[in-house]
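Got a structure for you, written out below as structure tokens; questions coming shortly.
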């Protein structure tokens, strides 16, 4: 693999993720508005927000760690993106697909959170620290059913790579969400926690915590965080589509599948009030955990 | 030169150091420094050779197996760094000669354990190590007597178990040679197998602080001086792991007793989860690290207990790595204690301003501890998970995952509570960065942690050699990629380089854009509803910060092993209270006892003989 | 090309368009006018369709709404919040109390003219202004931004002594950090 | 019933207290700074007037006195006792009663800040509502708030013709204001 081609594909992938993720965030705001009987902002509103944040004429930071915090996030998102197959058997979007596996992704996806936590901590704002502790606590909650789902799939199909799981779906002709429904349910229920959408948005609750961890971030830092947020949303959606919905053979199908999947946390969030931290952990350790156990039992004994 | 001479030289040097400190502090420090430099210089240049001593008809054999030399490497590196670190750290304290003598004795004891090829000499050195570490635990004087007592009681239990095992093994196999014991182990009856191995495991498990036997560890790690705790928790506890690896792998895996391996693994998994939970709720950094050590040793026990090639490999890798990063973290705590005199989250905040280097090494060590990808901890975590998944330990993998996700909580607490957050001028006024002699050990170990993250092959080589002693021949390893039993691979170089490339790219962008108008402001200038913060207001939120999580898991947190032991000790106390009545102090009663005893003896002897 | 004056202007136009179309309003209600904000934001008047949304902290906000009478005690906090916001930043004086004191013109604890203490870009009069008026005020602000005339933050920087003098006349115990961006 | 209560109080405190029944369920008593603590303690502990409804101050500048008003209430008899105490305006000192009702502390702080009345033995921070206040206490009637506002804040030109609506109406048409309206006129 020569470096020029790799640069081309990786930049294309990142740009794709950025644009799609931004539009998804815009659609989320639009749908929220429509549900609340409003007109809502245009779907490209988030692009404008990012441009505005980057064109702020002054920025403040409290120190090195806060300066680096958005970078941890965005480096994590883009590296994760490189390890996820965008399309099935694509010769273009190869990136680093064959270089890592699911355990690596599981760990990589939390690096950004810890970096962000340190940056938020350096700000010295107690709201940030409270938000971070809530976020980390919630992470323990949703990671367990999510890992259970992945472990179930891995032991059933004797592979730990995403490509392997996609090949299984190609060979059997059915999606894993149908052949391993319990694992899928567990992973799906863990999804809103991963997105931190309502009802699991106590981490950055604006009214209680003054937007929590990001309360000291403004200007270009907030712009980077928003960019990262949309890329990371796309990463998570593609990961779910690849694992449970057989991946996508072309970009249109990918967009359709990810959008349908994205509607689940969005629409659930619209009709849900906010959980307290311990309530959300108890939620994740309730039914999702049960479905995860069923998934593992199915994988181990059927 | 023979191996035994090194150990005797260390012991001799310890006594010389003690005398040197009697004469002059500077001279003593020179003695310490010389050992710190000579130890690795000698260790990494010599060629191993076996040596046998005959004492009272028993032949005691010494020599390194490649497995032992793996641990010896850790011991040597960590001890010499810790000795160097001690020189400035212990500078203001008294009874230095006593401290260093015991320090060196425990180093010599550890080397002796690793060199012993028979159980008797292993036991002797084990006791030297235990006693010297006990003397350092109670180094602070009377206020730590209780902690020392706890440590001593548990060590004594372990020692007696081990002694009993040695006697039994001697009876059953005819000698105490370790290799011959392993060779003859499959011929034992199953009861003998179980008894001997369990007794040995108790002995080793006490030192490695495995779940029911961990009670001594938080106190002992906390109360000894931090420069010694780096060795205590980093290397000395690995002696337990060393023994456990021998027992678990050589006895259980290769003798068709995998169920006992499972028991060890489950004990490790439960230790990992519960110790992590306890670590989360500590408000003293030393206690936090102590519980974290217990949890990390749990991972290693899991790796050794499962007993597949990858898992043992992961266990040994994690053992070495835990020694390194926990060594750094204890040194960081020591540095903070040295500069501020405080170790409680209530008293410390915002040290990054004055101690940036210490923060950096702590960050590196914490990332390694948490097992995050760019650094070396991830390699061990990856191998551990893959080994568990590929060997169908799918419930245990959840325990380990729960534990290592929960570990992020205390990792964040450690970094945030000490270094980040509100910077109090009043508190930071007199704080400065640690002296160079303390920086060097921390910095070098941190560098190695970074290097192993991308090139773990540097350390895989000795581990692979060590594996051959444990019966896994021809372990394949590559410089910077990992493979599991199903053939799925993980390439570290692309992953880490990609991460760093993106990081640097955005670092340049975010630094260059609007560079002139990016201002650094103090932590008192925060957005808190427009209320200006006065200097006396402390908004640092670092005590009891995981209250919501505590509410979730409070059902399990109620039951502590301590309570169990407390009940036992209370029961024993009452038992002896009862016995005290026998000693009534009345001559006639004693006369009666003598008569009863003699009668009983007569009856017994007539029935037996 | 970048140094060319004409092309720089294009960059400015794009940036000003972005600034105008995305106004994050600091959720800080100083007086009774804050009650007019919920109807402005929610489904009846829906200010979000113009890109106006709330921001929880000053660091993220662009617009500071002074909603109604401003007590001397909250003036201190408002100044603090304003100085923590990042340039370019705008102030909308909301209601007649901010213009000339309104019905509190002779009160000992509310200020009369907001623009003597902080650089106001747009005033919305009325007691209270209805949500339509609020949206009209925002539209006016957007026009000013697009034309590059909403320069309150520059005025504040350049005339800092003037504003400080007036502020210190009320706030005797001055404990705030320096303003230097 | 109100009369019985009043009689009881007068009987107990003799000439230290004077009072009248204002209306249904409302008794007004006048007492002095030296007696007020005893009266309140007696009312609270013996008569069951356990609730301090309100505690306020009135500035009788014409008589050169402040009047402190303690409204206490009994949930049993449903009667409110308005106990009033006059304090000299030149040297305003009153007894502290926050050991009888803890929440009187807040009232006392406010009165101290707004009227400048010292309460003997009141332990609380000086500043409560006002910040950096250096003038005379603003609720005193000799404090001219309009003058202060003119002096401190910046008047916007254009307010000069802003007049009292009622006066304007009188000037414009010459019609008479109704009686109740005059009462409130400035």
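A, B, C and D label the chains in the order they appear, each numbered from 1.
By our rule, a residue touches a chain if its C-beta (ideal position, glycine included) is under 8 Å from a C-beta of that chain, and two chains touch if they have at least 3 such contacts.
None of the values given here were measured: they were computed from a predicted structure.
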Going by C-alpha centres, which chain is most central here?
A
Which of C-D and A-B has more C-beta pairs touching across its chains
A-B
Centroid distance [mean C-alpha coordinates] between subunit D and subunit C, Å
40
Chain centres from averaged Cα atoms put subunit A and subunit D apart, in whole Å, by 62
Cα centre of subunit A to Cα centre of subunit C, whole Å, reads 36
Multi-chain contacts in subunit B, i.e. residues touching at least two other chains, fall at 517, 519, 521-522, 524-525, 527, 529
Which subunit D residues sit where two or more other chains touch them?
none
Using the touch rule from the top of the page, what residues of subunit C touch 2 or more other chains?
57-59, 76, 84, 87, 181
Which pairs of chains touch, using the document's own definition:
A-B, A-C, B-C, C-D
Which residues of subunit C touch subunit A once you look at their complex with the stated criterion?
14-15, 17-19, 21-22, 27, 42-43, 46, 48-51, 53-60, 62, 84-88, 181
Report the residues of subunit D in contact with subunit C in the complex, numbered from low to high.
129-132, 134-135, 138, 143, 145-146, 148-150, 152-156, 158-159
Can you name the residues of subunit C that touch subunit D in the complex?
72-73, 76, 99-101, 105-109, 111-113, 116, 166, 169-173
Along subunit A, where are the residues that touch subunit C in the complex?
29, 33, 36-42, 45, 48-49, 51-52, 55-60, 206-207, 209-211, 214-219, 222
In their shared complex, subunit B is touched by residues of subunit A numbered 54, 56-65, 67-68, 70-72, 74-76, 78-79, 82-83, 96, 99-101, 103-104, 107-108, 110-111, 113-114, 117-118, 121-127, 129-130, 132-134, 136-137, 139-140, 143-144, 147-148, 151-152, 154-155, 158-161, 164, 210, 215-216, 219-221, 224, 276-278, 281-282, 285, 296, 299-300
